[in-house]
Amino acid sequence: MSEDKPRIGVAMIGYAFMGRAHSQAWRNAHRFFDLPLEPHMAVLVGRDEQRATSAARQLGWDAVETDWRRVIEREDVDVVDICTPGDTHAEIAVAALEAGKHVLVEKPMANTVAEAETMAAAANAARGRGVHSMVGFTYRRVPAIKLAQQMVAEGRIGEVRQVRAQYLQDWLADADAPLSWRLDKEKAGSGALGDIGAHIIDLTQFVTGQRIAGVSGMLDTFVAERPVAESFSGLHGTGGTERGPVTVDDAAMFLGRLSSGAPAVFEATRFAWGRKNAIRIEVNGSTGSLAFDFEDMNVLHYYDATESTETAGFRRILVTEPDHPYIEAWWPAGHGLGYEHGFVHQAVDLVRALGAGEDPTPSFEDGLHVQRVLDAIERSSAQHSTYTEIGD
Amino acid sequence: MSEDKPRIGVAMIGYAFMGRAHSQAWRNAHRFFDLPLEPHMAVLVGRDEQRATSAARQLGWDAVETDWRRVIEREDVDVVDICTPGDTHAEIAVAALEAGKHVLVEKPMANTVAEAETMAAAANAARGRGVHSMVGFTYRRVPAIKLAQQMVAEGRIGEVRQVRAQYLQDWLADADAPLSWRLDKEKAGSGALGDIGAHIIDLTQFVTGQRIAGVSGMLDTFVAERPVAESFSGLHGTGGTERGPVTVDDAAMFLGRLSSGAPAVFEATRFAWGRKNAIRIEVNGSTGSLAFDFEDMNVLHYYDATESTETAGFRRILVTEPDHPYIEAWWPAGHGLGYEHGFVHQAVDLVRALGAGEDPTPSFEDGLHVQRVLDAIERSSAQHSTYTEIGD
Amino acid sequence: MSEDKPRIGVAMIGYAFMGRAHSQAWRNAHRFFDLPLEPHMAVLVGRDEQRATSAARQLGWDAVETDWRRVIEREDVDVVDICTPGDTHAEIAVAALEAGKHVLVEKPMANTVAEAETMAAAANAARGRGVHSMVGFTYRRVPAIKLAQQMVAEGRIGEVRQVRAQYLQDWLADADAPLSWRLDKEKAGSGALGDIGAHIIDLTQFVTGQRIAGVSGMLDTFVAERPVAESFSGLHGTGGTERGPVTVDDAAMFLGRLSSGAPAVFEATRFAWGRKNAIRIEVNGSTGSLAFDFEDMNVLHYYDATESTETAGFRRILVTEPDHPYIEAWWPAGHGLGYEHGFVHQAVDLVRALGAGEDPTPSFEDGLHVQRVLDAIERSSAQHSTYTEIGD
Amino acid sequence: MSEDKPRIGVAMIGYAFMGRAHSQAWRNAHRFFDLPLEPHMAVLVGRDEQRATSAARQLGWDAVETDWRRVIEREDVDVVDICTPGDTHAEIAVAALEAGKHVLVEKPMANTVAEAETMAAAANAARGRGVHSMVGFTYRRVPAIKLAQQMVAEGRIGEVRQVRAQYLQDWLADADAPLSWRLDKEKAGSGALGDIGAHIIDLTQFVTGQRIAGVSGMLDTFVAERPVAESFSGLHGTGGTERGPVTVDDAAMFLGRLSSGAPAVFEATRFAWGRKNAIRIEVNGSTGSLAFDFEDMNVLHYYDATESTETAGFRRILVTEPDHPYIEAWWPAGHGLGYEHGFVHQAVDLVRALGAGEDPTPSFEDGLHVQRVLDAIERSSAQHSTYTEIGD
């Protein structure tokens, strides 16, 4: 059977945790959604050819390269999907954009503001040539989060007054969990702050439609030294007897103000025993509230203060109805989605934007702003938590 | 890149709701799990060639047939996956088994005990020829349910004393929701009883490791006439002005006893406003309890009565750890799964059993027993709810 | 300071668990609520004078009697409050009513239908003389339950289609928990059925405004012999080496139909490990649902099916607002009530009815009907769960 | 009947919301708990004699005074219980202590650090004369909170690593809710900060057994002007057409460090629509976590990280077992307590300490420290949220 739709070739660089999630998206997006272009999983890039070949076979990629520079020259590649550690993002993304490839880059977009500025400038220049870029804040694509964003935009909770957001994990709470690149400032840029704090910064900005204008931050590292990992499987590794330093934060706490002046409270930690992936955001407005927790990801809680107090209460909206964002393509009501669906929706939104010749979101400018927030938190933390404004 | 693994060819009959879920499974199972055979999506069967072709393209099937009899003759087909309404299951399954094809059949296995007996006999005969069969009770493959089954088997809650199980939906609670084949006794066999009651019967038997030995049933139809559907999308259709009779039950309530004598209480309904897919099962044992609700499908609640009362309490186990059933193949802790993953796990379990030359479960005998329970409930309901024993 | 209000003298018979709860009500009702009569805790009755005297001092009663016959003659007694085991209710209540005393009797009203009929007849006769009676189904007075009843009556969920109700406890799940009068059929009438099943029968009838018209029952006793108790504290005792038989049911399961024909599913058990006092009722109507669980007693869940599916969801109504039943007398919103408040509300409702010369509810006729339902369940259980109609 | 126990006379100053709660405590504490001294509700103080007399009658006080100076001279008064607005606390408390009366003062202890220092000095001097004092942080007496404190002290969660605490209300979220003394800096000292922020400061210190050593604060007032109240009932008033300024904070956000250096995140607001009295505290330790929310006040959540990941999960401990703090005096398991029980427990703890000649807790020194934290938050907020250390 021939396929009618034009293809869009994808090259994915990196194939660890994020690479597996992105592959699932590219493999399935067009099976559920009506897309203008059909993704073609053209090539996977990994430095170790044997392992990359095995991964490509497992994940469904047609070819393998060991040098990312090769794929940005390939004719069958339209999109470069960057799933490597943060210290490599800028170089690859800029080169890809200059080579005329659309770019999807995992978050955090970069390890420093300077890198992010370079990337945003490159994206801006590329845009003029019809070449687009996007940052992978996939949690925006969780249906309940998208619904929250829509409801705020529609004025369902009135004017935003306050936000509280947390990202709580516990995979480092064990002091003997081994070191990985995620605990190395050179590779990762920062710790909980950039890895998971970046998500709640983006979600807060996405849901409220505002930017964070200033922050007062406090960072902490609870466990200063850990065993060096001998092997890894997902986030979990096996440590040996050698020990090495943790050079990033274990937890990041910060107060902030949105562009409207509304205050917000944030916390990102990998040390909250029992919280596995608790991404929480609550927005209180002048006429209602919205609350979300990723540990119950198919649910959005909504309080409508315009109702009679006799029967008002937080509604547990099961965000699985056909009229909810992204849901019509999937299953009947009550048949919930999982973690990976956010990646499918990301691929859908990207391909639709590219098909329409429009800029996908979040843009590299959005990613740059998040980077500036991260930077301001670090600077505030270093200066007695003094409130630090964030430029545009 | 060549693929090293031998392929196993699949033919899928029907491509509606269940067909889409099964396709997702066949397309992705080997991407996450290490399987002895690689599924090949050989052929999709649908009576309307044009629509079937379109579906095959969308879902990723290589070819199309309009007559299921053709596929059981095809050499490239090893497994026949039956996703059609219940009235067709027996004929197709028996023919496929006789033709030497392994069979996966959606639940309920059949519309009558007689059909199910025929199918179980055919499965038994085929087994002797190395041809295997399986019924699609996918909820067994939800990791939290599988964990519950393991924990009962390991004695973690002692001897099973009581079970309560519910399957609550609301998609028919609107009296103007239109008729579909699911409300037609000829096509569907029964209503809530066979469609969703069958699931809680199977889950109760699976989790406890026991069979239901007798039942006292009560069936009800709340809305006797509905608009005839003009079009359908998923479970939801648009009704016209013509009305037709509902010939199945809207809700099924039944008391039962397990083979050990332990009592159980069941309810299946499509009229519980606000409950979208609430499959609930709670098992109370002599030393603890387990509870599950599909509306929070990544969670299993566990009460260990051997703990001090000072700190005992239902534990909310987030069933997303690498040592939980099926999870290691997926994502890090806290990154939950969705509805469709049960179908992936079903494909995994089936392919692994076939690769090992072993019988997959649940077997057609298991399906026959569920059919006998359904039948006993209908008979009890017709006889003033008199307790009715179920033969083996 | 003189008190302006006329007093209403109360005699309480029995001073165990229920006696302590009733005392708390009589002591505090007029401190929060504006009552037409001020309760006077005139006399406590107990067979052992020393223990009764000590209890009276502790609980705040002015005097003690060792024979209940004495108090129904006392001029300072207007209300006889019966908190003894069920086998004594009929004799005391009938005598008190004949002596012109109002009667409040703990549930279940009696141990047999015959006793309950005698009591209802006496209540009916007394009513003509301005003497009133009431059964102590206190859970009706939990604000969330009363709100549910009002909402059903106001049509907020449309026509009642289905009910599911459970009363789950675990205080007998330990097979070594000792015998008490509650496990002795002579004293208690029945086990879980009458003790806690009676509550969900009453709540179902109260919330729906309907009667249960017929039932199909199944009773079970899991632990046939237990240690004889040497001492007791609340529900918990210490057993010795001697063992005695359990002569009541440990769990009661029953299907039922309301007077409208709507089906209902019930379960009462003291063997559900981890469930401490889980009184649950869910009512599904034609336009919405209501759900309650006493383990979160200040909350009522409400689903309004007339809302858009985009934002519909079970609302978690915190029933602590001034416009909620009984709440205005207590604390600000969010400052929840506890178990004993139901008893305070019961005293309030009784005193207000007596002050107005009106019949309080639930009446002895209501209690008699519950007794008939209990009896029908036992008879159905003894006859293969055959559906058994309940007369009026 | 004579009472054997010596009495302890109580004078209560003020009889609004807090006065009603304290009266309930004095009236009932000895009915459930075995106390060394029996509380005697000797005298209520209110400036308006008629209203005070009416309140005394309603609440059960034996006498009335219109000037608090009179009661500290009365021989029948042993304890002065101060329930007035914060600006009067210091004067009354110091005078009462000097007159040899034990003092219980509502929180926040004072409106300024200077006042609190004076009070602490007076308490210290009085202690030498056997005269004791206590601050009314009643939430310490919620059984689940007390259990959390015990578990931390016993090392059940290891070393404390992080705390997050919130106190969320919504009674001011309506911009038309009228002014009251609680919104007047002169009377109340501060807004959400002192009224409810003080509670989460105290709870954090109580549960962790540590003091807050420094803070970075941010205060906000969302609604600058409100209608002047014409009448009040509880927290809720009716406003007229006149408007007046809000001179306190509406919300207080702050980061902090405990004496061990562990970071903590706090938020107190009266603008979180839908949150009625959500006092939340979560403590993450090196081997486990504890979490509490007053909206489900009979529950403590506990995660034990020493359990196998296969079955680990937050346990929902229903803190209603006889071996839980304060519970044995009340009801059987599952029969939860309400808001006012904290006040009963406070009276119990105070009377027991006085009976034993011991210092009750929290002391005025504890109250002074909370005042210093509040002050540091205000100063930090005024200085760009700069981290501000708190002296001892």
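Think of it as A, B, C and D in the order they're written, each chain with its own count starting at 1.
The rule is simple: a contact is a pair of C-beta atoms (placed from the backbone, for glycine too) under 8 Å apart; a residue touches a chain by one contact, two chains touch by 3 or more.
For each chain, UniProt lists the protein as follows: A, B, C, D = Predicted dehydrogenase.
Values in this document were obtained by computation on a predicted structure and should not be read as measured data.
Trainee: To test your reading of the model: what rotation angle superimposes chain A (Predicted dehydrogenase) on chain B (Predicted dehydrogenase) by C-alpha positions, in degrees to the nearest 5?
Mentor: Between chain A (Predicted dehydrogenase) and chain B (Predicted dehydrogenase) the superposing rotation measures out at 180 degrees.
Trainee: Pick out the pair in A-D, A-B or B-D whose interface repeats that of B-C, meaning over half of the contact pairs match by residue number.
Mentor: The B-C interface is reproduced by A-D.
Trainee: As a test of understanding: of all chains, whose mean C-alpha position lies farthest from that of chain C (Predicted dehydrogenase)?
Mentor: Measuring from the centre of chain C (Predicted dehydrogenase), the most distant chain centre belongs to A.
Trainee: Could you tell me the distance, in whole angstrom, between the mean C-alpha positions of chain C (Predicted dehydrogenase) and chain D (Predicted dehydrogenase)?
Mentor: Roughly 35 Å, centre to centre.
Trainee: Once you find the CA centre of chain B (Predicted dehydrogenase) and the CA centre of chain D (Predicted dehydrogenase), what distance in Å lies between them?
Mentor: That gives a centre separation of 54 Å.
Trainee: Using CA atom averages as chain centres, what separation in Å is found between chain A (Predicted dehydrogenase) and chain C (Predicted dehydrogenase)?
Mentor: 54
Trainee: Would you pick out the residues of chain C (Predicted dehydrogenase) that each touch at least 2 other chains?
Mentor: 275, 312-314, 318, 322, 333
Trainee: Show which residues of chain D (Predicted dehydrogenase) lie in contact with chain B (Predicted dehydrogenase) when the two form their complex.
Mentor: My answer: residues 147, 151, 156, 300-302, 304, 308-318, 321-324, 333.
Trainee: Touching residues of chain A (Predicted dehydrogenase) toward chain D (Predicted dehydrogenase) in the complex: what are they?
Mentor: 157, 161-162, 164, 166, 170, 173-175, 216, 218, 220, 222, 251, 253-255, 257, 263, 265, 267, 269, 271-275, 282, 284-289, 303, 305, 312-314, 384-387
Trainee: Please name which positions on chain B (Predicted dehydrogenase) make contact with chain A (Predicted dehydrogenase) in the complex.
Mentor: For this pair, the touching residues of chain B (Predicted dehydrogenase) are 1, 3, 17, 21, 23-24, 27-28, 31-32, 53, 56-60, 62-64, 169, 171, 233-236, 275-278, 294-298, 318, 320, 322, 328, 331-341.
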